[in-house]
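Please find the structures below.
Next come two complexes, and both contain subunit A; in the first it sits with subunit B, in the second with subunit C.
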Partner chain A sequence: MTLAIESSKALVQYRFSTYELIPFAVAIAFYFVLPDYLPLGTAICVTAIFALSLDLVIGYAGIVTLGHSVFFGIGAYSAALLSRSGWGEPVSTVIAAAAVAAFFALLSGPLLLRLRGLPLIMVTLGVASVVSEAANKLSWLTGGNDGLPGLIFDPVFKMFAWSIDGKTAYLYALAWLFVVLIVARTVVSSSFGVALQGIRQNELRMRLIGAPVLSQLVAVYALSAGVAGVAGALYAQSNGFVGLEALSVDQGVFALAMIVLSGIGRLYGAIVGAVVYMVVQYTAQQWDPYYWMLAIGVMLVLVVRFSKGGILGALDALSAGLKRRMETRL
Partner chain B sequence: MEQILSAALFVLLYGVSYGLVLFIIAIGLVITMGLMQIVNLAHGAFAAIGGYIAVSLMNAAGMPYLATLCAAVVMVVLLSFVLERLIYVRLYGASHLDQILMTLGVNFIVIGAITILFGPNVYPVKLPGFLQGSVDLGLRRFEVYRIFVICLGLAVVVCLWALFERTSFGAKLRAAVDNRSIAQVIGIDVDRLFLLAFGIGSGLAALGGAVGAAMLPLEPYYPMKYLMLVLVVVALSGYGNIRASLGVAIIVGLIDTAGRLLVPAFGGFVIYLLLILLTIWRPDGLFAGRAP
Partner chain C sequence: MSEYTLEARGLRKSFGALSVTDNVHLRLKKGARHALIGPNGAGKTTLVGLLSGVIRPSSGQVFLGGRDVTRDQPAVRTRMGLVRTFQLTNLFSDMTVIENLYLAVGQKLSTGFDMFRPAGRRTNVLDEVHAVIDRMGLAECAQKKVSELAYGHQRLVEIAMALALEPRVLLLDEPAAGIPTSELAVLVDVIEALDPGITVLIIEHDMALVRRVAREATVLVAGRVLLEGPIGAVMASEEVHRVYLGRAAKRSESCGAN
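Showing the complex of A and B:
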């Protein structure tokens, strides 16, 4: 009963609303108002895409993974290696990197996604640590500790060269964020997306009505890995460098922090979370590079302790409260 | 032949001492995860805090080694009582995701605080005179420190066994774990019991961090770095099985030491690979019986 109600709500929720243009309007305004901060803006777009990929698996399908950094790293290194081997066309590089990441998810998914709860959390964390350690050892492929510096990519659509002021990179990353968001929206509002929410809410019931739970989970895992791969490839392209920190386990943990800070399972939460997180990180790092660890820890504890739905959840509650007050007054 | 025997003895001594330190650190997590159903990813932070307190007391205040160990344990137990009342009490019965996020948050706070207080590099440990040097045990010489760790580890094992099997506290705790509501019905104050168990677990983590500081170097990232090893001990021992966790910790210690000795290039992560496969193979624990 509640499942049916929530599902119909889920469908209504994904009707297009004009509010959804706000983030992009803000992003375009940012381009004109704060041109000095475009590299930060690019990093925010890349991070938002990665957080969005994590929201797909955690927020919608309920797969709690701490190892998503692996797919970000695979995307980043794939793009870097393609560029090293002479293929510099940026858009096809991103698509290829996404495909490689999705392929690894298809391979590992059927094994990992049988696990639930604690074992899943630990195994994903373990896989992420092993992969980053392996990349460190395989220095003939990954450059080890030195990474792969000096990556060069062709101009986007053969027209827009990668400029030093970061204008191309920013608009390019923003365009990818838009594309990814459209794809993610379409997927979560499809019947497949609703089935995923069903699995999150009551897996047993979904099995009983004959849903192919494992293959649906693997499908969304691969899709999400592909999106993470896009983020990784954009990271490589915008920085011109890929190092071991692209594979660092922290990436996955911090992305989790972002979507929880702003509200899990609502896609736009990933964007708001990425903005808040990156701005806090940027400011704290200006102050002292180590303070931001402290800041993010305090933010996490406060959000879990006081606000269930994160920043957007708190805004929802606020607007609902205002609405109720208005109605009683009328 | 003698060389092989000597190497085997080396692996045995180093592996067992390493395993026992892991056990001392992990046992608290075994208690919180198994008994209280809390995924406490900040457990490593208690070990790190214990280690830093002990070493800084020794370096700065010149306290004797054994006194610093006691001080570290007492301070961390007090800290854990405060944190349990402030933070962890909200997590009983919360979702895994909430528990992970909250405890990771605590982890980050500790990492940040350690970096600010002690700097980003490895904090050097100087063992006291009576633990330096080595003794001849027939085939080869061994560090006194390792032997001390083994003795201390075994003492902890015996104390824990006595605590859980021979005291009413242990009996109540086991009852509360088996069936929390029935335990409450017969008048056991489960909340207080959990608070005490949490304190004991955190204190032992601090002891492990302090004693093991020469094995597991103290650095700001300590809480995350050794989290995986500790978690694996908890998982493979079947979430809450204290006896099994001793066995698993020693196996992990032995395999890791042997891996580093035999394949130095990849020794660091042989253990992780193996443990992931074991966890996928037996998600309910290494020694768990087949599900009925």
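Showing the complex of A and C:
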């Protein structure tokens, strides 16, 4: 007899469900139905990748950081500087940018990840502010306030030029989102992923079963930073410009709002969160370019007040409730 | 290689003026079945904390297989084979019994950095998890979250976690506390069936259990070793009766237990 593991979610989350096709079906449909909004779609994909990187550390490993904008910024500036120095091949640029971001996470992780809770939040916030200010001063490298404009990248796979209608950029960013999601999904459903969830729930006990907790946290931190670097590089490529806002601390805070909004620790939450957040932001900005944040704020308050697990948590509760009803009727 | 598998030399721990562990020497040979007894507040759990590395000693040393591990982190000691259980259940309460044991077995089999194979397909880990579940009679609640289990079952999971790690030295901190009498037999059987090569230190108030599983005992009173020796001699000692056993016996009479 083999062990029945159906109820152990951490062990069976590697199994694909048909629901997982929905976001990509919607994304493909979007391409055909709303071609005028493709730049918004590209921005959503980039944001979703960044939110996903944050969900890896916060939702799975329990590392609450407000400084993830640093890795987004490093990815963006790395891609920009590569382009400036004459390297325009887009895919390798993204990989290189991810590697640079992961490298900085490997350097800073062993120090930062000894902290927990409020001290960690404050220190990551502090580091992000310092890095952002340093980038402003290092204008020979970053262009300072003017940023690095007019970036040019080669066509994707030497075939698809970056067209003015944004079709290439959209499909390219969407493909990256798909790749990143598959990687993240594989990692969180592995033994390593289960160990991360163990650390989040009871770190002391993980130490006492002999787990190398700090190294495991540094590993996921570096992976997450790499993913944030991917998002940053895509941001540079799709805009053809990188400025200081790529390093702005706000980025990390907005991404946190997105995953809280849709449900923390479930990867797809990052995608749903990015879509909802960006669409509400876009619509609210049309409505009022000054007070648009009000809409986001009200939405956050409502979701947090009425659903513990965010939007996806509410959907779970709803479907569980419907199931129970069906069963009692039968 | 030293003669002793686990050795404490002159361990002291004080919190301010309060001395909770006072110059404790402890020597356990390979395969020892050693009981640590004493009244509440004698510093037994603190001693387990010092041995497992969760608490840093004010002075003194801990040796594991002849190696000084006083400066080593708990995780390092665990990887060297020193495993403890907790008096108050300390588990991953939002996870199922299977997931809890998966974490322990997975760590033992060094899958902690395996990022690409699905956890649910690691049959070598799952088979061992299965074996531990059977051994502890936990098959019926294996699918449940730990937080949904009765306290007695949580205690058994606590012991199962330690066994899953295949320890060389096992520190059991009041394993029987909270386990209903009906399920105590499982615990006793498991402890008696442990590999004779495993060194066991057991803290326990249930004297019937201590008599059954232990061969030697150390009596701790107010942080100091009062007496040490074969279990029979310790149990027969008048001094031990005066400071501890007498009271324990009276208490169980007044509660109508046993």
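We take it that the second predicted complex is superposed on the first by the 322 of 330 C-alpha atoms of A that agree within 3 Å, B and C clash if a C-alpha of one lies under 4 Å from a C-alpha of the other, contacts with A are read in each partner's own complex, and residues count from 1 in each chain.
Methods note: a residue touches a chain if its C-beta (ideal position, glycine included) is under 8 Å from a C-beta of that chain, and two chains touch if they have at least 3 such contacts.
None of the values given here were measured: they were computed from a predicted structure.
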| item | value |
| --- | --- |
| Touched partner set for A:130, first subunit B, second subunit C, both or neither | first |
| Contacts of A:290 with subunit B and subunit C, given as first, second, both or neither | first |
| Touched partner set for A:301, first subunit B, second subunit C, both or neither | first |
| First, second, both or neither for A:201, with subunit B first and subunit C second | second |
| First, second, both or neither for A:210, with subunit B first and subunit C second | second |
| Sites on subunit B touched by subunit A in the complex | 33, 39, 87, 90, 96-98, 100-102, 104-113, 115-116, 120, 220, 224, 227-228, 231-232, 235, 239, 265-266, 268-269, 272-273, 275-276, 279-280, 283 |
| Partner subunit B, residues of subunit A touching it in the complex | 58, 64, 66, 111-112, 115, 117-119, 121-123, 125-127, 129-130, 133-134, 137, 249-250, 253, 256-257, 260, 264, 288, 290-301, 303-305 |
| Subunit C-facing residues of subunit A, complex | 2-8, 10-15, 186-187, 189-195, 197-198, 201-202, 204-213, 215-216, 219 |
| Contacting residues of subunit C [partner subunit A, same complex] | 52, 54, 73-76, 78-79, 83-84, 90-96, 98-99, 102-104, 106-108, 111-122, 125-127, 129-130, 133, 142-144, 161, 165 |
